[in-house]
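Look for subunit A in each of the two complexes below; its partner is subunit B in the first and subunit C in the second.
Let's turn to the complex of A and B:
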C-alpha cells in the first residue's frame, strides 16, 4: 500500500515537473494573471467618476467577478489541456512503455498522472488567487482614499451624521474586499476545474487523439451547465416524451455532472451569504464524482491495449 | 483497443455499467438535494428564455452556458455606462433590465440601475431642449422617475435584506417625488436592516417633520429615544442632543401634558 502510494507520488511529481515546463500552460497562466490584474481597469470603465461608496460596490463587484472569472476560465483551460495531453504524449514519446514495464500498475500510473494535474491546478489557482488578493487590496486602498477625499470636501464634516457616513462607507469597502466568503468561491472554482480534469482524463483513456479529448470534455462541460434542466425535466415529464427523448435526457441526467450548482460562486461574489455547509456539500459532491470518474478511467485504461 | 478478446471487452463493459449504475441514483438524489437547498436560499434567479437569448446574442449566451453569468452581466453593465454617457435613456433602461434579470441577487445592479433611471435619465429629460414645452419635459422626467422607482422596488423584492435599496427608494421619494411619508417608511425599513448606517435611524422622524406631520415626527423621535439604551444614547453617532432637542421642541409645540413627556423639565 505504502509502496503503491510512493509510486503514485513519484509519477505525480514527474507529471507536475513536465507540466510546469510546458510553454502553453505557462502562457495560459500568464494570461490569467494579466486578466486578473487588468480587472481594475475594466471596473473603472463602468464607473468613470467615483465619489461614493455606492459606486465602489460596483467596482469591487467587477474586480471580484473578473478575478474569479479569470481563475475559473484559465484554470479550466489548463485542466483541459494538461489532461488531454497526458496519455497521448506518453504514447507519442513511448515513455509509457518504459514505465509500465516496471512494477507499476496501470491504475497507479493513471492516478499518479491525475494527482500531478491536480497539483498543477492547485499551483495555478494559488498563484492566480494571490494576484486576485493583491488586486482587491489595491482596489480597497483606492476606495478608502476616495472616501477620505469625499469626506474632506464635506461642508458639515464634524457633525455626527457626516462622521457616521464616512466611517460606514470606509467599513463597507473593507467588508466587501476582505470578505472571507471569497475563500469559499476559490475552493468551489478549484473543485469545478478538478472535476473537468477528471472528465478529461476519463476521455483520454479511450480517445485516440488529444483534439477529441478537448472537444468532448468541453462539450460535457457545457452540457453540465444545463444538466439541472435535463434532470428536472426527466424527473417531472420523462413519461410524457418518446422513449428516445426520455432516454437521451435521462442519459444526460444520469451521467453528466451538474456544473450549474457551482454558479453559487456568483452569489458569493454578489455579496450574498452562502452557508459553509452548502459549500462543503458541493465540495463533497465534486470529490465523490471525481472518485467515480477515476474508477471508470482505471477500468478503461486497465483493459486498453497499449 | 479493438483487439481485446470479446470476454475481456464484456467484462470491462460490465464493470463500467456496474460503477455507473451504482453511482447514477446517488448522483440524482444528491443533485436534487443540492438544488432544493439552493432554491431555498433563492439562488439561480435567472430564467433563460428566447427573448433573453435574442437580447444577449450568441457569444454572451455561450458565456452564460459556460458558467460566466456574472462576467456577462458585467460586460452588459459597461454598455449601461456607455448608454448613460450618450444619453440613450431607452437603451439604458433595456440594458438595466437585462443585467438585473441575469443577476437578480446582485443588489448593486438594482441600486445603480434605479439611480441611472430615476436620477440621471429623469434629470436628462428635464433638460431636454428638443421637447416643445416644460409640461412635456416634466412628463418625460416623471416617466423615468417611475421607471427607476420600479427598478428599486423590484430590487427590494429580490434582495429584501439589502439596506441601500430601501434607503435609496426613500431618497427618491424624498428628493424627487417630495412624498415624505413614503420616504419615512422606506428609511425606517432601511434603518432596521443589518449593516445599515446609524444615521438612517433619524431620517424617518425628519421626513415626518418635512411632511408637516408633527405628531408623526414626535412619535418617531420618541420611539427612537426609547429604542436606544442609556449607553447607546451617549455614543456620538446616535447624536443624543439632536434627538433630545427635537423631542423637547415637539413636546412644546404639541402641548404634550407634562406627565406624558419624555423631558418634563
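Let's turn to the complex of A and C:
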C-alpha cells in the first residue's frame, strides 16, 4: 500500500515537473497573472461615470469578478490542456512503455498522472489567488487613500457627520476587500476545474487524439452548465415528457456533472452570504464525482491496448 | 537412503500457443499479429528475435511485458504472469526508438525510473554512478534528454532498463539508428550482461550483430515463428561435409584429393572445392522468403 502510494507520488511529481517545464502552460499562467493584475486599470476604465461614493465599491466588485473569472478561465484552460495531453503524449513518445514495464500498476500510473495535474492546478490557482489578493489589496490602498483625500478636502471635516461618512466609506472598502467568503469562491473554482480535469482524464483513457479529448471535455463542460435547466424543465413538465425524453435527461443528469451549481460563486461575488455548509456540500459533490470518474478511468485504462 | 531432487530453475521465458489478434472492425477483418507462439528461453541465454517489420517481434515483447493481453495462449516470465509486479521486478525493457521525458536530464531520468522500481537513497546513487560508467554517458548527466543524440538516447534507455538490476532484459531493436561504433558498444554491453548471468531477449535487423551475440534465435514471418534453434545448428548445412584444410590448394592437389575421396565411395564428380560460408543474413532471407504467403512490404496484413 505504502509502496503503491510512493509510486503514485513519484509519477505525480514527474507530471508536475513536466508541466512546470512546459512553455505553453507557463505562458497561460503568466497571461492569467497579468490579466488579474491589470484588472485595477480595467476597472477604472469600465466605471468612469459612477459618482465618488459608489466608485470604489463598483471598482472592487469589478476586480473581484474579473479576478475570480480569470482564475476560473485560465484554470479551466490549464486543466483541459494538461489532461488532454496526458495519455496521448505518453503513447506517442512511448514513454508509457518504459513506465508500465517497471513494477507499476496501470491504476498507479493513471492516478499519479491525475495527482500531478491536480498539484499543477493547485499551484496555478494558488499563484493566481496570490496575484488576486495583491490586486485587491492594491485596490483597497488606492480606495482608502482616495477616501482620505476626499475627507481632507471637506470644509466641515471635523463634524460628526463628515467623520461618520469617512469611517463608513473606509469600512465599506475594507469589508468588501477582506471578504472571507472569497476563500470559499476560490475553493469552489478549484473544485470545478479539478472536475474538468477528471472528465478530461476519463476521455483521454479511450481517446486516440488529444483534439478529441479537448472537444469532448469542452462539450461535457457546456452540457454540465445546461444540465440543471434541463432537469428543472423535466421536473416541472414531468408529466408532459415522453419516457425517452425523461430517460435521456435522467441519463445526462447521472453521467454529466452539474457545473451550473458552481454559479454559487456569483452569489459570493455579488456580496450575498453563502453558508459554509452549502459550499462544503458542493465540494463533497465534486469529490464524489471525481472519485467516480477516476474509478471509471482506471477500469477503462486497465483494458486499453497500448 | 534419502534422495534429494533439485528443482530445475524456471525458464526465463515460456510461451504456449501465444496468440494476438486485433479485430479491424471497419474492414470486418482480423489482423493476426502473433499466431500460436511456443517459445522457451533458458536463464542466462541471449536470444535473438528476427523477422521483417510486422512479423510479430514487438508484439511478442509487449505480450511478455504484460503491456498487451493475449487473445489466446499463455506467457510466463520466470514462471510468473508477465503483468505481475513480481515478474516486472525481474525484467528490464528498452523499447524501440525510445524518447523518454525530454525535460529531464540523464541523472534525473535514471533517478525517476530507479525510484519507480523501489531503488532509493545511497543504493540509487551508487547504481546511477555504475550505469553512467557502464553506458559511457558521463557527458550527458546534466544535459536534458532533448539535446541527446540517437545513440545517447539508446544508451540512457539501456541504463534505465538496468536500473533495478533485472535478471531478464527485453531489448526491442537496441541498435536501430545507432552509428556503427555505438552499435558495437551495445553489442559489447549485451555480451557483458551475458557474462553477468543475465538473460537477454532482443530483436534486431542487424543480422551480423545477432550472430555475434545470440546463443539462439527465432525467425518470425507474418506473425508465426518459422524457425528456431541455436546458431550453431541453424548455420550448419547437414547435406554436405566440409573438410577444413587450413591451406591454399592448387588444382593438382585438389585433383589428387578428389581421387582419394572417390576411393571411399563418394561420387568424384559431386565433390566441389569451395569455401562454403552461410551467413545469418542468407539464412534469414531464405527462411522468410520461403514462406508461401510472403509479401515484401510493411503493410498490415488482413
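Descriptive notes on the structure:
Everything below uses one rule, namely that the second predicted complex is superposed on the first by the 293 of 306 C-alpha atoms of A that agree within 3 Å, B and C clash if a C-alpha of one lies under 4 Å from a C-alpha of the other, contacts with A are read in each partner's own complex, and residues count from 1 in each chain.
Everything below uses one rule, namely that contacts are C-beta pairs under 8 Å (C-beta built on N, C-alpha and C of every residue); 3 or more make two chains touch, one makes a residue touch a chain.
All of these numbers come straight from a predicted model, not from anything done at the bench.
Using the contact criterion defined above for the overlaid structures, shared-chain residue A:231 touches subunit B, although it does not reach subunit C.
Of the two partner chains, subunit C is the only one that A:94 touches; subunit B does not reach it.
Contact with subunit C, but none with subunit B, is seen for A:14 once the two complexes are overlaid on the shared chain.
In the superposition on chain A, A:305 makes contact with both subunit B and subunit C. Of the two partner chains, subunit C is the only one that A:3 touches; subunit B does not reach it.
Residue contacts after overlaying the shared chain place A:271 against subunit B, while subunit C stays out of touching range. In the superposed pair of complexes, A:188 makes contact with neither subunit B nor subunit C. In the superposed model, A:164 makes contact with subunit B only, not with subunit C.
Looking at the shared chain after the overlay, A:103 reaches subunit C, while subunit B stays out of its contact range.
Of the two partners subunit B and subunit C, more residues of subunit A are touched by B. Common to the subunit B-facing and subunit C-facing surfaces of subunit A are residues 305.
By the touch criterion stated above, subunit B contacts subunit A in their complex at residues 1-4, 8-9, 11-12, 15-16, 19-20, 23-24, 26-28, 30-35, 37-38, 41, 43-44, 62, 65-71, 73-74, 77-78, 81, 103, 105-108, 111-112, 115, 164, 195, 197-199, 202, 236-239, 242.
On the side of subunit A, the complex with subunit B involves touching residues 42, 45-48, 54-55, 57-58, 61-62, 65-66, 68-69, 72-73, 159-161, 163-165, 167-168, 172, 175, 192, 206, 221-222, 225-228, 231-232, 235, 253-255, 257-264, 266-267, 269-272, 274-275, 278, 281-282, 285, 288-289, 292, 295-296, 299-300, 302-305.
Residues of subunit A that touch subunit C in their complex: 3, 6-7, 10-11, 14, 17-18, 21-22, 93-95, 97-105, 305-306.
Those residues of subunit C whose C-beta lies close enough to touch subunit A in the complex are 22, 62, 65-69, 85, 88-89, 91-93, 95-101, 103-104, 112-113, 115-118, 157, 160-161, 164, 170.
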